[in-house]
Amino acid sequence: MAIAREAEPVGSFSEVREAGLDREDLLGVYRNMLITRGVEERGHILYRQGKIPGSFYTGRGNEAAAVGVATAMGPDDVGTPLHRDMGVHITRGVEPWRIFANYMGRVDGPARGRDGNVHMADEQLGMIAMVSHLPAMLPVAVGCALAFRIREEPHVAVGWFGEGASARGDAHESMTLAGTRRLPMVFVCDNNQFAYSTPTQYEYATEHVADRAQAYGFEGVVVDGTDVLAVYREAKRAIEKARSGGGPTLIECLTLRMEGHAVHDDAFYVPKQMFEKWAESDPIERFRTWLRDNAQLTDEEEDDIAASVKKLLLTAMERAEESPQPDPSTLLEGVYATPEDLDTPHHK
Amino acid sequence: MAELTYLQAISDGLRTEMRRDKRVFLIGEDVGVYGGAFKVSLGFQEEFGPWRVIDAPLAETAIVGGATGAAIMGLRPVAEMQFADFISCAWDHLVTIAAKQRWRAGTPVPIVVRLPSGGGFSGGPFHSQNPESSFAHIPGLKCVCPATPEDAKGLLISAIEDPNPVLYFEHKHLYRRIKAEVPEERYTTPIGKARIHQEGSDISVITWGAMVYTAEEAAQQLDADGVSVEIVDLRTVMPWDKAAVLESARKTSKVLVLHEDTRTGGFGAEIAATISEEAFEDLDAPVKRIAAPDTPVPFSPVLEKAFIPQVDDVVAGLRELAAY
Amino acid sequence: MATETAVDVVMPQMGVSVSEGTITRWLKQEGEQIEADEPLLEISTDKVDTEVPSPASGTLTQILVQEGETVAVGTKLGQIGGAAGAPAPEPAAAPEASAEEAAPEPVAAAEEAPAPPAPAPAAPAPAPVASGNGKAFVSPVVARIASEHGVDPSQVPGTGQGGRVTKKDILAFVEGGGAAAAPAAPAAPAPAAPAPAAPAPAAPVAAPVAPGETLPGESLEPITAMRRGIAEHMRRSLDTSAHVTSAIEVDFSRIVATREKLKKEYQSAYGVNPTYLAFIAAATVETLRDYPYVNAEMRGDSIVTRNFVNLGIAVELAEGKGLIVPVIRNAEGLNLLGLARGIADIAAKARNKQLVPDDVQGGTFTITNPGGYGTFHGTPVISQPQSAILGTYALVKRPWVITDESGNDAIAIKPMMNITLTYDHRLVDGAYAGRFLRDLRERLEGWDGDGE
């Protein structure tokens, strides 16, 4: 029996305006989703061409959830996005060429070759780099919210986690601390229904992950993760609520993971019908249709956006290829921080 | 100068920093209203308020992980584990994120984790451990173990200042037993530098924490034998003062490494290996280690006495070395 | 991305734990055109089967790995653009090629294998000694100090466990100037000839300066062959024999008087000087008859004694050029005159560089006179393989106690000479040496006229 509220879809353009986005913004959202998918598709190809070492993860099918939440964040808000949330990095302004460089382990990736995949973040853009352990970043995001609370700053921390990670103790502890202290925190659950090969019924025994929010003393809401506008609206509500002292919210974005856990996984355990059904609800296609229907998106605009994204990615690839390999002699540097490292916006 | 107990010195250091720098705050279980399980923060919440002396839920990962997040946002958290033993509950966070964030993502994590550690009062297996060696092994973490009240205050202040995660091991058995003169003003004690607790010429004892006093008592007995013992108080286990240790080893050519933590893989092993590697031609005897046996910490006083290195054990070890 | 330069097609890594992949199907043939990102081949790994998109546009100029082959991640599978490959060495993968060339293979493998870095050996103990406690065990620090100071640890008294030498022991030893507990081994050798007495090498310098380097105030000169030879001989002699020196004071009154008497006659009749050395030589040769071990040699496990004396006389060559010890053969058959002649003879030959090898070989006993410069005592180095060497010194007027027949003591002025016998204590004992010197003195002090 569900406890969490189910979010309404967003209908008209005027509803959207109420939620805070104008037409310009919408085209920007659309573009960001295209870039997100484009980066991951190109990365997937590079990986199969042997140009990217290690493993390769995508968030195919999660573009709306990621871009939707990120669009609702304020410039001084911070977040801990995960490997399905490339859209957050793109929306916050990370340049694609640096993402390609990170994939390839080059010096110009935010991790400078020291970590791979999307274990990267640009601190200047208010993000903190994820680790493999999940949901290990949630306590950290809650800590950021704690800092905002202590300093009485009107900023919000957003922490992402998957439905599988919700099983682990870190999630419980984070929500306990955030809930008991009414911290300015938004928990975003990317529920893409499979944690590697494990389906949801083995990860939580409630109907929704968001049902648990009540147990921690705050609201939980489930939203269609393929509907970027619905996601945006819920995220905006939750973020502003947190900003004004209303405490945390847990937003569960429901999608289907459209590719394997990593690209070396062919996801044979996902019933074919599920793929077919959710393919009909492709987030980018959905939004493109909505824009055509509700915001008079023209062919020309569409083509322009597509072309500019294609060009962006092409030049990004070329630039990334030129980024140097890291120098092994620098390996030992930076194990410890120096006082100079504290020269960040947050330490001022 | 004031005469303070080891515990009072820690309070003094923490209070000094919290008064001086608004970014410093304390978070832990029972630190606020109760003043801390050992009363280190008695009166603090009254002075600094509930958002700078925060009573945390029973959730070590949230405490230490939350400290990390707050530190990344520019604050200077001091997280307290009620007993050092509970750090295992936050081990994942510490070694996965706090230790590695600077190296792999360029993000410093200036946190301090205070860890009441050590045994000697029938605390049993879960209230008596000295877990410094496993953390010393993780690149990116610093581990300090003050033995004197003066160092306790100075090292805490240095730890708060340091832009790295610093694990501060405060030995519970020293809290009220050790009293000494402590400067009243704010001062720092350098992390990574050992201190010669007493000079000697025949044997070097390398040690830290409560064992410094055990070594001191044992050395007195050796003095009566005409054997001059030098005691090097490491003070910081990671990064440790290799130069000072090697200098002492070369001077006396006989070394005893002493720690309260269990023997196998205890930090003494690293010290002994390094001395053999780098001062081989200066050794007049094998490097000796005295440490607790490889068991959990026993509860019964009789068993605990057989576990924690006693003065007699150290005397015997020193005599053996002297006669070699 | 059309390209004319070659772009490699490589086996991708499909997953972190994947180390190899198998080509299941090439979707293009060699020579065919292909576009970038167009599927080029299909592979199978133990994680997944997938297509590999072409990394570039152009002609597939080379296929290097065939369908069905399994190769390591990163292996070049083919090439887009560039020159068409020479008939590809059948599967470029190493296995077949190297099978054909069995001999070079190990070399190729060795080149490919990362050269195992020469492990920096931990500095070995300078004096590896048998393990275990006891006097044989030398700890690293003791070995180092010993080598720095040129000290033999086995010469150092040990107070450590099992009697081992401790750091304290060897430091005390070094600081004490190396005055050893070892029996009767004098530390300071002097040259065995009237060469300028070398100062006794002091207990070794604490911090040796590196060869070729100088401290301020120092200068360097190269070591000559002669010097090297002397150094070698001296060192070897001291290392071989157990040098001990006994000395005796001899009243030369009679000799002086006799010499006065004989000088003129010897000069005019024989053309030689009856030198003090000649007298001493005569008395020595006589005494040697009664003390064969002083004229002996250790040969292997035996001691060699003789019924002859080949008497060596140390001669200094022109100032500083060194010393040489020519030999008077069968001196036992010579009297004062014969010895005086013999001495004059070899001295002249030595000075005129007329000595032949035979002249300097075969000596059984040596007399040396370091006293030419006024010194009254010394400890010459035995000329190997002899068992002793006699040292003579300045003849000096000294106040001396004499006792008359009534037993009354008085001081008289006497010409005194100190004479030393440096002997090899391996075969000559102190008492024996003492008796030799006593007898020698008696002969010299009781010299009677021409003979004794």
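As written, the chain order gives the labels A, B and C, with residue 1 at the start of each chain.
By our rule, a residue touches a chain if its C-beta (ideal position, glycine included) is under 8 Å from a C-beta of that chain, and two chains touch if they have at least 3 such contacts.
Everything numeric in this text was worked out from a predicted model, so none of it was measured.
Asks: Most remote chain relative to subunit A, going by C-alpha centroids?
Replies: C
Asks: Which interface, named by its two chains, has the most contact pairs?
Replies: Comparing chain pairs, contacts are most numerous for A-B.
Asks: Between subunit A and subunit B, what's the gap in Å when you average each chain's C-alpha atoms?
Replies: Computed value for the inter-centroid distance: 41 Å.
Asks: Measure off the straight-line distance from the CA centroid of subunit B to the CA centroid of subunit C, and report it in whole Å.
Replies: So the centroids are 53 Å from each other.
Asks: Mind checking the centre-to-centre distance between subunit A and subunit C? Centres are C-alpha means, answer in whole Å.
Replies: Inter-chain centre distance comes to 76 Å.
Asks: Where on subunit B is subunit C touching in the complex?
Replies: Going through subunit B, the ones touching subunit C are 253, 277, 280-285, 323-324.
Asks: Residues of subunit C touching subunit B in their complex?
Replies: Its residues touching subunit B are 122-123, 125-126, 139-144, 160-161, 166-167.
Asks: Could you please specify the touching residues of subunit A with respect to subunit B in the complex?
Replies: That would be residues 78, 110-112, 114-115, 119-121, 123, 128-129, 131-133, 136-151, 157, 169-170, 172-174, 176-177, 180-181, 334-339, 341-342, 344, 346-348 of subunit A.
Asks: Of all residues in subunit A, which touch subunit C in the complex?
Replies: So the residues of subunit A touching subunit C come out as 45, 47-51, 53-55, 260, 262-266.
Asks: Spell out the part of subunit C that touches subunit A in their complex, as residue ranges.
Replies: 9-16, 18, 37, 45, 47-55, 73-74
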